[in-house]
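The two complexes that follow have chain A in common; it is paired with chain B in the first and with chain C in the second.
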Partner chain A sequence: MNNTTSDATAPAYNRSRQAREAETLLDRIQDDFPDNPQAMRYFYDLFRNVYCQGEPVKHEGTLVGTTCIHAPEELIYAFGATPVRLCNGSYHYDQIGADFMPAKSCPLVKATLGSLHAKAAVPNTAALELIVNPTTCDQKTKASAMIEAMGYKVHDLELPPAKESEEARLYWQRSVRRLALRLRELTGRKLTRSNLKTAMARTARAQTAFRTLHQLRKSAPALFLGKDAFLVTNAYFFDDLDRWTAAVEQLNTELQLRQMEGFQAAQKRAPRILFTGSPPIFPNLKLPLLIEEAGGVVVADETCSANRMLYDMTAVDEWLLNDMVDGLADRYLKPCTCPIFTRNDDRQRRLLQLAADFNVDGVVYQAFAGCQVYEMEYRSIADVLAAQGIPMLYVETDYSPDDMGQLSTRIEAFLESIKTRKRNKQ
Partner chain B sequence: MKRIRDAVNGVDLRRFRFWLQLFFFVLLVYGGYMAVNLGQYLPTFACGFNDEGRGGICYLLPLQHQLAMSWGTLFGWAGLMVLQGFLFFALWFFVLNKGWCGYVCPLGTIQDWITSLRTRLGIRYSRYTEGQFRRLSLIKYLLLALMILIPLGIGGALLPHDMGTPFCDICPGRMIIPMFTGDFSQLTIDFSSKTTMVMTALGMLVTGLFLAGAFFKKRFFCFFCPMSALHYLLSKPALLKLKKDGAKCTRCGDCYRVCDMEIREIADEVKEPRIMQDDCILCLKCVAHCPEQGALKATFAGIPIFESTEQGFIKRMTKGHKDEQHHE
Partner chain C sequence: MNYFAGIDIGSTAIKAAVVDQDGKLIGTRITPTGSMFHKNAMEAFETLLAQHGIAREAVKFVTATGYGRKLFKEADDSISEITANAIGACEAGRAFGGVRTIINIGGQDSKAIQIDVNGNVCNFAMNDKCAAGTGRFLDVAARNLEIDLEELGEYHFGGSGAPLTINSTCAVFAESEIIGLLAKGHGKQEIVAGIHYSIARRTVRLAKRVGIEDRVYFDGGPALNKGLVAALQDELGRELVIPEQPQTTTAFGAAVLARSQYLAE
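Showing the complex of A and B:
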């Protein structure tokens, strides 16, 4: 299975399996919902071009792949390189990657391996000159050597397994400095105060745009749907940073107008859902999409393909290289609510705060079958939410479309129970 | 009202502090020339040895004098006078809490100026390790205890009288602050007796350490300051307070990394709303660098006066990205 010679005889890309996988999804995202924001067209077209037509993704300078949100993108940009996030959501690549990993492993890791192994993978980026692989979960850690065996250059960005202690913080700061050295070697450029400042300003502007969008989603009734929000943040994986930011700023302007006009993207009583757990990555947006097709609305999330990737911002006290680099390191470690760390108090508190801020009626917890850390945190999260009287639906799933029918039944039942609760409260 | 609030929360704290600190510096170091006299109970290093320029006197000077009275006097009626002095000191302190350190203290301001000189030279700061921090943090209590016990010992004739005001002898303020009014007379070793020789030599050493330390470590001296220790013991009823809403905190650590005093609790503590620790100088940089709406706030008599906001944070960071004052 793992030989890709079949690629030679494969049909034109736009008739291939992964193109159809993407196209079906985009059709649902666009056509199943009325009144999509005009500014979303940029993102719909982007995904159609990249995923359905297989058009190449343009970039500047050296292309550096990253396999987790822990790789500080500002550093990569500062060296004149461009990061592209490799975490993959395609069932097609999941199947190819299955050859590398044990049967019960995470589809995200398998799909990432699969896409790296496949020729002419989508998104169609230029050749990756380096892959930065943060040593997060076991599966990603072990994937490192496999990726190297495929012929890529890999930099293991060593991440501590705990984040509370000062030792962990300092260890991570050193790790990030080592990445800077590796990037200097790779690009032949120097890290200077001004190029890092410029890079940090670009990312901060993107984060500001994201935060504005995030805050707009507090509005009740809902102004904006989760399926579009995930598409927006998924585009961040590979899109040009400044173009992405401009598109989001435009979207925010449109949403602010809609807010003044009293626009409703969902019914007034539509259950407001907080999405947590394994990250929805295009084209695997099946769960958020099912929720919204069933009449719910995803108003916020706590996942590494959206909120966790873009929300937290870097603070700097003295704009000298050392403080900026350490500040970046802190931002990529300290607020992170990834379940790989020893404790998950921060994740619990973040979920409760999001639930309160966004007036949430229920939580949907997605755990990819094989993503052990999320599976292991299920109980503690369920207990904390139950103590606050917030209902939660735990869904174990993967990238295959087989469980779609079963899932949609469960989601409908969950949303129905929330509606009943709300009615009884009144 | 909301607009005023937004403007305050979006303030450029660095600039605001610079000017306010300069104002208080002039008031306390040169106020004497303008006939300012705030009395001798100030809870901050308005050095009394700065004879001509002082706009008030640091309470530690009269306190040590008073405690060195003979025990007969001290534990008699004169004791009431000491208590009265302490009361005035406490009343001054209650207004600003440790804000006296972050905004008023001339020695603190001098250290901030030295820090700003360092950053302009492009030299990085140093930090303590966590273990060092925890041990060093205790020194100020030791100094406070000595500052009280030595004068008491003198009063009881257990110690030589020429130890006088022991903390002032070793305080860098005594040598440095009078220099701002052209008085370099404190910068000498007093050879009149063995004790004075040792104490003034120690004072010279501490002053040297102060200047060198402050260059590499933000607010170097404040870790050891006995005034800070005394402040903390009285801080509970103070009007200006630093509060944290732990539920809103993401523990991103932004506040901790900008903290001059390296106070970890500001980031890590999420249960106790009264977040001010003993080393805190209430500079409010943590509030300015917190991106979470209302997670940190300064209140005065229960009324919020400065609060962390997303907009304020973004504004201040954007300014940092653009600021070209630090040349390449």
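Showing the complex of A and C:
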């Protein structure tokens, strides 16, 4: 395609390595599966535009980057700004980011650093004015200064290491208030009760759409596949909030129709998988795709690129603005099941609940090499699931495609063992 | 008479097995994978049938396994080598009174599989990115020492001193370690024993991840190496059960599965 407005300095996105990586994956997602919902077209096109053509991220007002789900987006919207989540899933940027971090660190952090360092990166967030970096794991915490050294403005959103205690709660509330002050300084706007309420209503509508989609995945046999669900939640990172909500609502309508018609997007006996651990972020959908190419179906997840990001809603009905901000802060701390927190029984409870609600046959646990907290929680989760008779496959991997062959064998064997187990039960 | 076949297309060798309608093993064949694995797989299969006077039409179901399983379109179905290995080991293991743990060392991977009392896979572990401590490692070591792969077993027991320490199971790093030891004048026998212990340690670590229960079945090409078997038994502190044909257990498992798939249909 000829771009008539291009000049010598304009990057040829569609010929870059990262575009190539995204395109190969999108082709796989679209062409290798026969029953993609019509409404997914919006998301396929969106990813092609943003990742392959370099279309700038749509935003109203100031563009504020976030590097974790702990940055309260309602607050950013309330200041008339637009949040964009910068967590990156590209192997290409992971390699660039390796210049900043030790080789054995988390690919997500490395890829995020790499994309911020790269010229003409996708998603195209050239308009970024501030990056809110919650100080969660060591690697993200140390990334702050490195990002700043690249010329970005960074706000460290300080996060406590625990979440149950009152001390942690107060610490975090103060931290969120300090973010509000920084945003006021940046945007020159004032935070008002009505602005915050409007922002909360907008995200609530998006989250309601997500919850409907989430519930539709309880359907057995499955109405659609997990690879598409991950694409939908990944689009939330950078898409216009209201446009995204409308697209999800449309998808929901189509899936409800499928439900009434008794449509099956997977085989009746396809093993139903719950996905947990390090987040699948486009274009690193390696593991979910391998599962579904091998005949399994990912019916639910417990990851910060999907369920953990969108499930818990803000419903604040305080009278005073300060109390509203505190209430908002609570929502971002208390229900979070990230293994970064000390004492994390919530994650075990949530996994068991999801396994029961979604009629799950097995759990796949992804730990990015270098993501120590997920690696460390593996044993406790394995024990809890084993006690309930739920099989689990633990996979330590990263963004590189090197281990695809071995992984596909392991995943197939896992699915086969689930099928045998199901047959024996009958 | 109906027959059923399993074809295991591995990184180093292609293994074919045929069972009759009662599930009894009729015969097996092993050929190197080479660069034209498809042609070689067909050849192995056809030669095996010819050897036993079985017509192609009499083979009612073929199941492919191994890393080339998806590319062998002549098969009726495919199965991962982990499941095939478990089925084969369970069948073959009956003669030994049943097995619960399988250790498999192949050309480029190593696996540990735990099986429950009903013979189903309940847990497994496998090397991911690196082929350290697999059959290929023995290949490289034998070449460095200028001895035949088949001789490694004898060399293991031939030494007068204690096995030397080989720290690395990475074929590339171990190569320089071996050359260093040779340069220092150490005997090949002690080096070979050291290599076997180095693989054994790594394999036991893998097996411990899935849990080790008696009886432990050891298969794959390297199970023919008596020295490696001894080292592995030593490191495990347990006896290993070695089948008569350790290389074809997985192909046999695929054939057994082919039979039950055919009967179920």
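One rule holds in what follows: the second predicted complex is superposed on the first by the 412 of 426 C-alpha atoms of A that agree within 3 Å, B and C clash if a C-alpha of one lies under 4 Å from a C-alpha of the other, contacts with A are read in each partner's own complex, and residues count from 1 in each chain.
Criterion: a contact is a pair of C-beta atoms (placed from the backbone, for glycine too) under 8 Å apart; a residue touches a chain by one contact, two chains touch by 3 or more.
The structure presented is a predicted model; accordingly, all values stated were derived computationally and were not measured.
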Taking the superposition as given, does A:Thr397 touch the first partner, chain B, the second, chain C, both, or neither? second
May I ask you to decide whether A:Thr208 touches chain B, chain C, both, or neither, giving the answer as first, second, both or neither? first
Partner chain in contact with A:Glu416 - chain B first, chain C second, else both or neither: second
Name the contact category of A:Pro335: first (chain B only), second (chain C only), both, or neither. first
For A:Leu407 in the superposed arrangement: first (chain B), second (chain C), both or neither? second
On the A-aligned overlay, A:Thr192 touches which partner chain: chain B = first, chain C = second, or both, or neither? first
With both structures placed on chain A, which of the two partners, chain B or chain C, ends up touching more residues of chain A? B
Which superposed partner A:Arg269 touches (first chain B, second chain C, both, neither): neither
Across the complex, what residues on chain A touch chain B? 164, 166, 169, 192-194, 197-198, 200-201, 204, 208, 211, 215, 312-323, 326-327, 330-331, 334-335, 346, 349-350, 352-353, 356
In the complex, chain B touches chain A at residues 119, 122-125, 129-130, 246-255, 257-258, 264, 267-268, 270, 285, 289, 291, 310, 313-314, 317-318, 320-323, 326, 328
Chain C - residues contacting chain A, complex: 67, 79-83, 109, 118, 120-122, 124, 126-129
Interface with chain C, chain A side, in the complex: residues 391, 396-397, 402-403, 405-407, 409-410, 412-413, 416-417, 420-421, 424
